[in-house]
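Labels for the chains are A, B, C, D, E and F, by order of writing; each one numbers its residues from 1.
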Amino acid sequence: MIDRGDTAWLLIATALVLFMTPGLAFFYAGMVRSKNVLGMLMQNFFAMGLLAVLWVVIGFSLAFGNFGDGGWIGNLDYFGMANVGQTATTLGAGGWMADGKGMTLTIPFLLFAAFQMTFAIITPALITGATADRFKFKAYVVFIGAWLILVYAPVAHWVFGGGWLAKLGALDFAGGAVVHINAGAASLAIVLVLGKRLGWPKEQMHPHSLPWTLIGAGILWFGWAGFNAGSALAADGIAVQALYNTFVAASAGMLGWLLVERMKDGKPTTLGAASGAVAGLVAITPNAGYVGGMAPVFIGLAAGIVCFLAIQLKFRFGYDDSLDVVGVHLVGGLLGSLLLGVFASKVYNPAGADGLIEGDLTLLKNQAIASISVLVFSFVVSLIIAKVIDLLMHARVDETDEEIGLDLSQHAEAAYSD
Amino acid sequence: MIDRGDTAWLLIATALVLFMTPGLAFFYAGMVRSKNVLGMLMQNFFAMGLLAVLWVVIGFSLAFGNFGDGGWIGNLDYFGMANVGQTATTLGAGGWMADGKGMTLTIPFLLFAAFQMTFAIITPALITGATADRFKFKAYVVFIGAWLILVYAPVAHWVFGGGWLAKLGALDFAGGAVVHINAGAASLAIVLVLGKRLGWPKEQMHPHSLPWTLIGAGILWFGWAGFNAGSALAADGIAVQALYNTFVAASAGMLGWLLVERMKDGKPTTLGAASGAVAGLVAITPNAGYVGGMAPVFIGLAAGIVCFLAIQLKFRFGYDDSLDVVGVHLVGGLLGSLLLGVFASKVYNPAGADGLIEGDLTLLKNQAIASISVLVFSFVVSLIIAKVIDLLMHARVDETDEEIGLDLSQHAEAAYSD
Amino acid sequence: MIDRGDTAWLLIATALVLFMTPGLAFFYAGMVRSKNVLGMLMQNFFAMGLLAVLWVVIGFSLAFGNFGDGGWIGNLDYFGMANVGQTATTLGAGGWMADGKGMTLTIPFLLFAAFQMTFAIITPALITGATADRFKFKAYVVFIGAWLILVYAPVAHWVFGGGWLAKLGALDFAGGAVVHINAGAASLAIVLVLGKRLGWPKEQMHPHSLPWTLIGAGILWFGWAGFNAGSALAADGIAVQALYNTFVAASAGMLGWLLVERMKDGKPTTLGAASGAVAGLVAITPNAGYVGGMAPVFIGLAAGIVCFLAIQLKFRFGYDDSLDVVGVHLVGGLLGSLLLGVFASKVYNPAGADGLIEGDLTLLKNQAIASISVLVFSFVVSLIIAKVIDLLMHARVDETDEEIGLDLSQHAEAAYSD
Amino acid sequence: MKLITAIIKPHKLDDVKDALKVAGVQGMTVTEVKGFGQQRGHTEIYRGAEYQVDLLPKTRLDMVVRPEDVGQVTGVLVEAARTGKIGDGKIWVTEVDQLIRIRTGELDADAT
Amino acid sequence: MKLITAIIKPHKLDDVKDALKVAGVQGMTVTEVKGFGQQRGHTEIYRGAEYQVDLLPKTRLDMVVRPEDVGQVTGVLVEAARTGKIGDGKIWVTEVDQLIRIRTGELDADAT
Amino acid sequence: MKLITAIIKPHKLDDVKDALKVAGVQGMTVTEVKGFGQQRGHTEIYRGAEYQVDLLPKTRLDMVVRPEDVGQVTGVLVEAARTGKIGDGKIWVTEVDQLIRIRTGELDADAT
């Protein structure tokens, strides 16, 4: 039965998550040099173009077909949105799912597909931060298209689609593994293939406009309400819990990051404030509907501190993760997924599980398995895709184009003029 | 009876559509030269000021008074928001309307008026893109005020208010004719009166800041969810269908535009990506709640391709439609309204109609009549209004003011400083 | 009983109000010189970090504990979100409250706390406009933390928490006194302690980027829908009334401001349009759910005119309220709170009161008492806090740092680069 | 060699550039500047405060030319940049000891 | 004629401009520049990476004056632009062969 | 004293600055400029309209040095700024009558 309150919430939640991709575009675009602004914006906006269409044609079906099969990938039942209509539906009723009743939607099935579409757009788009300033546009297009089908759709099936990780008992409220570990691991793979930006790390590459980054962070923060609280698929207490957790963790993430930044570098920075908030948001994502009380404060603080430290790794190991997708999304996603094994409590969500804090170690173990599985799968397949593309068409722009910048070389445009 | 889920959705949908006008302001402002940025922003923001007040005083009454009379214009029943209260209501029960029961709202009537107010703001604001860089502010103020009363209100009555076009059987889910053909035809009229920008088309007039254009496009895309899915006036399956169609058509519009741009100019541009998405959004607007499946993909693709070609017309015919309102909104609106005659299907909306694809030609014919009627009416009346204003106070700034730019000459401000 | 429509609306309303603080950040940041952009953004974003955490730990409890006691401050019942859960609840049932039944929520109590959290973030953040360009970051951090606990929490209790002003019969729908008078009076206090910016008023300090100010205004306008209509705590007729009033008053505020600006300075400015809209929004805030019809037009117009005149006061009296928080929020808040005593009518809200226009003077008297009380309390306590901080750590940056700008001196960052 | 510096109105840049190309000028360097002179500025208004702005946007051109070309180049410049209204700008000529092309190390006339 | 070029601190521009007006300077051209010299730069921090920035914002003034005015103008300039702290800037004077007013074609002293 | 003006490619600024420091140059002034010369520009596309852009971003350096240092400084400049590709830029040298340090009033060689 369709509930109009739930439908109202999911309608706007879907729009909110869609709005996150422009937010992400600006969060990143502010950090690049002025010759690469449009290159960054374009990659993100193009993800909104290509991936939505791929999703409704085949992606959704591969991710959510055969719902609750406990398996590896969906089927083609929903190819071209076949069988995806305006009525509510029950998914996976006959499967392994605990109560034998599957997931009963109180919103139109089509809305579920649209909501998931916005996740399928932003997840690959996260990668653009790692590859900034050197990914050839044509190669990028092929990469994210292939990645959606070969990496995102299966992983979404494992976790959100009632696949093997869901069956195992791993939890992921809104995508700690599916979104953040997944995109973060892929980022690491592809920057290894692309190589470092010319001049990195010697040359100074200041953010060309931190206000863009800040407005992007504001939009992300706003949209994350839809991302996490929308993942309750209803306007109920769990959604409220998720909203509360999300906002509080973002705040605590900012505080954590600024604290260590202040200690290490002597000044709290605006970029640090934005980065810390995002780190908190990343880490709370898997936890959003499963924890409560002061847990989001601890999770956020931890994320701010750990991710700040993690972004230094690239200098140690020499991979050029331009805007720290690995440091923030991979590490923050891992941290959040594991902390869920600590802080989860059925007090806040009876359909969830109890974590370490409630005396149970099982969840933490499952979280570790899920995290590692997604990390390894995404890293390996992404590496293969990137390598193949590199062989076929050179994944990276040539040196002159990189010097001129992506805006002119890839898109024949200048970001700013008189 | 008021449904709180429906009310929740329409509350936020109203806010979303309101937010579109700032979005539009930036979409346009990024494309003008830096001396005309504030002129553009001001015209759009001022529309939010003036038109809202005019609407609640008299515009709403003229558009929706005498609902369902099958006629040409409303009455003064709702003058100054009289009789527009917090309760739900049934409109046009006694009229020609099919089931004899009119339109029964499940939201407060006042919310319906507020939702429609946001449409009455953005539609005239669309015109500012065509007249960029040369419309005298005072003349602009008079123009949009008069246009709201003399053009928008009647046309809205014809279609949304149960007027003659609605009675005829023409469909327009969220304003393909009322909003886009209407504003596009008016744009053509007024640029003929204003004349070309100094230096056009010889002088290069680069967009001064494409990031503004992109963030504007992001806001428009986001807000369009409220525009189209809000037009269902409920949080039901039709709203969901509209949301899905909207987002998918925007994406396909981007792909269509970039494809032909790539072929013709050799590079896919960021401005093209944004423009294509808007073209897709325009074309899906009349269709939003009446089509489904893969139709939004086709409609979006067609819009992206056709509008890209259409914006070249101004060079051929020599009218200076500065930011392509004719090419995108008039042409995109026409295309969408006609394609509705092709793709409409009662499968997706029993209250709709069947189009060509279901074997019925009637709708296409009605769509053509409605489109042409709105086009001609809007063009002629707009031309008269513009001519009269031009006689009374010169519609265009003088040459020195145009050279200095609208920011300084009309508003004594500079957009950027240290 | 939880209503999912109400919950859906409050979920998004909470997100909307949260989004207002980034909006405010940009509204202000556009007006400062380019060397202080990040200083401004940082102060606002940091408010989102610090105050959310303080709120969930103790602020909410101090404001809403002992709900309906008719007293001065809450208790520690909700310390660390204890007893704040996912169920709906009735607050203050046993207190003085009219029907003896207190306030019965139809949304999870936790959602109420989260919604209020967003108010507790933006209210202190409003002050940053007054102190622009010279507040030492460390001192600012201590100030807003202390202010939340010592000023905001008690005042919120007096009015929103069923404290003595609520018991007295003063009305404040969404925070004319709690938010605007409160922050405005504090602004006056602290600028007296900080002193004038170097060079003020002789030196020209142009807004460095009015587009930022305009996009900030757009976001504020959008978010204010959540602020005011969300304060109905339901998706009902009152919420709709509040939304309508809010949007119309913003529009009328713009018209009022531009009218007098045009008369006095000869040109209507973009900054004036944005400022007038905000003035209208401020003044409608206490009125939002209690008035109707054409009242928002009058209230908005009055606010636009009066606030335009009020911002000239700082030159007369020589206090450097950099971005006119006193002129817009203190004066606009006072005006709105008093006009509520005029325009309130039970026709629009049976739970409200009748104002002068309905022939009753009591409300106006109560509004005056409430406004003055909040003004005096906030001014005095803020002055003390600021003085103490100034003694302990100098509230103001030193001269060199002020010359270099806050961006470099406080945060070691530059807003713009190549 | 001689260095010719011209301050012109920004919207004249395209015309001037074209005219100079025709006149055989091979290269030049363009700077956005602000000028102060007899031309009246404008008033800006921000929240009721009026500011007199007397620095106006101008464009500066620098080009090193052979001494024998100075007369012709300044002539072309004057002609192309003139609108006849106050604020058209100035041209001044200074002596250059030496001109070097970085790429080749060529000197003076060879380096233009 | 002589060309006086001055590099000053940006916030001194208003004072300098006023003083020059009083001293009879009729026009000048102003450019935003960055300077490198003895004045220490500052440190910027982006995500834990520290950058030493040694180019500081400065303002460049160019004015062509009559030879006999050079002493007075540079004197006024020095006085108005001086703060006494490192980084106050430099003034240099070069010989101008010819000054032309574009609008009228007037030359040298008539063209200032 | 002599004024050395160099137009270089923007991304060479760091190298050039470092090389000049080593060569003993104490100070200089840097301006963002656009250059027009033999180097080909690029095409920009906006909604189907193609624009040929022939002004390219360059960086201008001005430094006043002692006459005896001119040779060495230009030598270092040429070496550090050269990429060997068209568009590397120019250097020109002009005579300076006088150099003043605003802070101290020191003159010429003492003022560098």
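Here is the rule we use: a contact is a pair of C-beta atoms (placed from the backbone, for glycine too) under 8 Å apart; a residue touches a chain by one contact, two chains touch by 3 or more.
Worth saying up front: this structure is predicted, and the values here are computed from it rather than measured.
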Just how many steps, at minimum, does a route from subunit A to subunit E need if it may pass only between touching chains?
1
Is the C-beta contact count larger for B-F or for A-C?
A-C
Roughly how far is subunit B from subunit C, going centre to centre by Cα mean, in whole Å?
34
How many angstrom lie between the centres of subunit A and subunit D, each centre taken as the mean Cα position?
52
Measure off the straight-line distance from the CA centroid of subunit C to the CA centroid of subunit E, and report it in whole Å.
46
By the touch definition above, subunit D meets two or more other chains at residues 31, 44-46, 94-95
Expected list for subunit B, residues touching two or more other chains, is 3-6, 8-9, 12, 206-207, 215, 219, 235, 265-267, 269, 271, 411-414
Chain pairs that touch, all of them, please.
A-B, A-C, A-E, A-F, B-C, B-D, B-F, C-D, C-E, D-E, D-F, E-F
Quick one: in the complex, what on subunit C touches subunit A?
2-9, 11-12, 14-16, 18-19, 21-23, 25-26, 29, 37-38, 41-42, 45-46, 48-53, 56-57, 80-81, 85-87, 107-108, 110-111, 113-114, 117-118, 137, 212, 215, 219, 235, 410-418
Of subunit C, residues touching subunit D in the complex
201, 204, 206-207, 261, 264-267, 269, 271-272, 275, 308, 311-312, 315, 324
Where on subunit F does subunit D make contact in their complex?
2, 5-8, 31-38, 55, 58, 60, 70, 74, 77-78, 81-95
Subunit B partner, complex, touching residues on subunit F are 44-51
Mind pulling up the subunit C residues that touch subunit E in the complex?
203-204, 403-404, 408, 411-414
